[in-house]
Amino acid sequence: MTTQNLAGDFYTQCFLSEQDESGRVILNMGPQHPSTHGVLRVIIEMEGEYISRAEPVIGYLHRMHEKMGEVKTYHQYMPNMGRVDYLHALAWNWAYIGAVEKLCQIEVPRRAEFIRVITCEMNRICSHLVWWGAYLLDLGAFTPIMYAFDDREQALDLLQMITGSRLTYCYYRFGGVRTDIDNQFISGARDFCKLMKSRLPMYKDLVTDNYILRKRCEEIGELPLEMARRYGATGPVLRGSGQKYDVRRAEPYSVYPELDFDIPVFNECDAMARYRVRVAEMEQSVRIIEQALSKLPKGDVMAPKAPKRIKPPKGDVYFAVEGARGKIGVYLASDGSSTPYRLKLRSPSYSNLSLFAELAQGTLLADAVSILGSLDLVIPEIDR
Amino acid sequence: MMNILELIPAELIRILIGLVAILVFIALNALILVYVERKVAGFIQRRPGPYEVGPWGILQTLVDAVKLMGKQLFSPTGGDRLLFWAAPLLAFAPLPLLFLSIPVGKNLVAYDANLGLILILAFSGLNVLALCLAGWGSYNKWSLLGAVRSVSQAVAYEIPLLLTVLAVTLMTGTLQLSAIVESQGAWPWQWNWLVQPAGFVIFVICALAETNRAPFDLPEAESELTAGFHTEYSGMGFGLFFLAEYTAMVVVSSMCTILFLGGWKGPGPEILGVVWFFAKVYALVILMMWMRWTFPRVRFDQLLNISWRWLIPLSLFNLLYVALVVKI
Amino acid sequence: MNLFEEIREAVKGLYSLAVGMGVTGRYFVKPEVTVHYPRKTVDNIQTYSGHVELLQGKKNPLESDCIMCGTCERNCPSGCLTVKYEEIVEENPEPEKKKKKTKKMTGLIYDYSYCSLCGQCIENCPVDALGFSNHVYWAEFDRCNITLDLLARLREKLSKSS
């Protein structure tokens, strides 16, 4: 059987040529599909409404971030990090800045570390709120995303106050942060924490306790711990499978060891467990912000000896932070010049997506949408 | 001239006048309901809804309708053009007939058929055929999935719907809608919904499923099937489906009002009957909208489970209970 | 699972749905939180970092402080800034000494379509001649209109204010 006569592109043809004559339907979900959140494409082989095989096709949003890292200077590469994962841009900022700081051994003032913690956690709440709304949208509830965006707007206003932008931040600098926070921001952040605490019970009433939602999430997409480890899943996906792994505790960085917070872990392994992990994480992030605000020391926000031109010594370095989607890692190899020799970005969504092919097998189409949503994918991060 | 008019039976003239009134009502009703739906959604989501065209945006839907009419009509290559265009017409055509025997007030009915209930149930069943044809004629896998879903959904939910209707007719002993209304009193506690609350709840759930409204909007589940059966429709083809959906909402709400909420009956003089009827109907419609903007969508197998495992046994029990009540 | 438990679960489920309806019902009557965009505008524009702008000079309020060193050009990740200047050679009256060269700035071309608002140019400017503007509502139909001459823009602004 030649593939010449078959319809569709290369990937579809691979599916079709392996197909037997049992009348299965090949369905292209994406790249323009409402629930793939961007340009992810999933080829699905269906028997009725059941999925017998699913394969994600990625690369529609590939922007060569890693290659760009090799040709740009260390300073010039900074704005790229806000574009890798636009929902939790500050974590990526931090991962890159942290790697370079580790390589050049730049000391960061304590005040700057606290500001990084506050802004990064605030950004994490924003990211989870977007996920929350979008996941509910996947499941067919339209209203929650509006409530989530209402809350997120408050946090974005605060972040705009100090960073100047609302989504693709470029705020951290080698040896500190760009601008200091003022009293207006601090009182605003306290208000935001209060607001979030008052809104979380409403979220529980409207969504978490909702019978229809529970039926759509519970026992859907069960991801055993062994399988999550096999694929290198991190973040809420791994914690939803019962592994207490959080980079903030496992490989502590910055001032996280001084702060008191829990790592929410759920053992049910299903989509609902992942959902609960994220909602609980929002609570913990609020706790972290409050503590960091009360512990905020006085002082500089930029290291006085921060070099204007970065020319690190020869060597390589790996630095990881906990992003909203999991472990964000930056591996940097320097040959002593003003540009990195190699820059490798470890994006959590990429590993989390690779689960999907195995997880979606034998589920209903509607469940596959629910699973895809519960993995919380950000497509630009997968393709980089 | 007079002779010719006399030759036409009075009943026919009444039906014709009724039909014209119904067509006007369907068009107006869709315009109003789309506006109301968007306003309700807006208020629930803490935004204003449409507010640009006309005062408070009341002309928004009119403008949208004009836009839909002005759009180019596409039909997909490879699809069955005849079936593709027959589907929206078939979705729309039975709608005027549905209203024909609905008594809006005392004596205010186009054709008071003594089998009115059967007429409505029969013609509302045609809607499924339209969705099925739309899915098949589109030559699109998403549409086809939507069509398949709509057929099994309709089959599953017709049964409990009919069983609850049967329970009501068992009590009233007639299939004439005006007679069913007459058998109920003026005050809320004299209506059928208190006699058989289970039947009322089952009817409302089935009505949601029959009109493909959220949380049972599986044939057009947009996060799963992009837009389900009307993925490929543009312009007025889509507009007719839209019109059919909103009219079907009113039809099932009027059915519910007549069967369970006392139709035009209500406290006050009889002249207020029409007001009471429409107040009840639109209250039910707004309840349906409220549900749509609150709940996530159920999964397809859960949808069928609700029907086969819960609603059908419950409606059978309801029937049994009503039979006992009538006997005693 | 026996029948009794299943019925209890269904009733609890229905109750949870009613609670959800209560939440949306409450929000239905609460005032809206959105801003009617063209009619009203948001009030936090002051903190927004818009496109890069040449600032008014601190020493000479009628000109920019720019010394045409080109640091911003080199530090920009996407190369959207170009400093344009012409060299004026002045005849020195004393012939044995070198001719005096002065640079005269003729423009600072800024292509906003490539800018990612990272602020590298602003931070690296040795004389702090650059800054962010609060220009939020800027949209163009044509890509070539997005390119600005920041110097001309500054001069226009200064001539308007004086």
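Per-chain residue numbering starts at 1, and chain names A, B and C are given in the order in which the chains are listed.
Just so we're on the same page, contacts are C-beta pairs under 8 Å (C-beta built on N, C-alpha and C of every residue); 3 or more make two chains touch, one makes a residue touch a chain.
Owing to the predicted nature of the structure, the values given are computational and were not obtained by experimental measurement.
Asker: Which one chain sits nearest the middle, judging by mean Cα positions?
Answerer: Checking distances from each chain centre to the full centroid gives A.
Asker: Looking only at C-beta pairs that count as contacts, which pair of chains has more of them, B-C or A-B?
Answerer: Spelling it out, more C-beta pairs touch across A-B than across the other pair.
Asker: Rounded to a whole Å, what is the gap between the Cα centroids of subunit A and subunit C?
Answerer: About 26 Å separates the centre of subunit A from that of subunit C.
Asker: Roughly how many whole angstrom separate the Cα centroids of subunit B and subunit C?
Answerer: Once rounded, the distance between the two centres reads 52 Å.
Asker: Report the inter-chain centroid distance for subunit A and subunit B in whole angstrom, where each centroid is the mean of the CA atoms.
Answerer: 44
Asker: Which positions in subunit C touch two or more other chains at once?
Answerer: Residues 17, 20, 23-24, 27, 33 of subunit C each touch two or more of the other chains.
Asker: Note the residues in subunit B that touch 2 or more other chains, in rising order.
Answerer: 44-47, 293-295
Asker: Please list all residues of subunit A that touch 2 or more other chains.
Answerer: Within subunit A, the residues that touch at least two other chains are 143, 147, 150, 206-207, 210, 212.
Asker: Which part of subunit A faces subunit B closely enough to touch in the complex?
Answerer: Residues in contact with subunit B: 25, 27, 33-35, 49, 136-143, 146-147, 150, 206-207, 210, 212-213, 215-216, 364-367, 369.
Asker: Help me check something: in the complex, which residues belonging to subunit A touch subunit C?
Answerer: Residue positions touching the partner: 72-73, 75-80, 82-83, 143, 147, 150, 157, 160-166, 168, 170, 173, 178, 202, 205-207, 209-212, 308.
Asker: For the complex, which residues does subunit C have touching subunit B?
Answerer: Going by the criterion above, the answer is residues 10, 17, 20-21, 23-25, 27-34, 36.
Asker: Name, in rising order, each residue of subunit C that touches subunit A in their complex.
Answerer: Contact set of subunit C toward subunit A: 12-14, 16-17, 19-20, 22-24, 27, 33, 44, 47-49, 75-77, 116-120, 123-124, 132.
Asker: Across the complex, what residues on subunit B touch subunit A?
Answerer: 41, 44-47, 141-142, 145, 149, 214-215, 217, 221-226, 292-302
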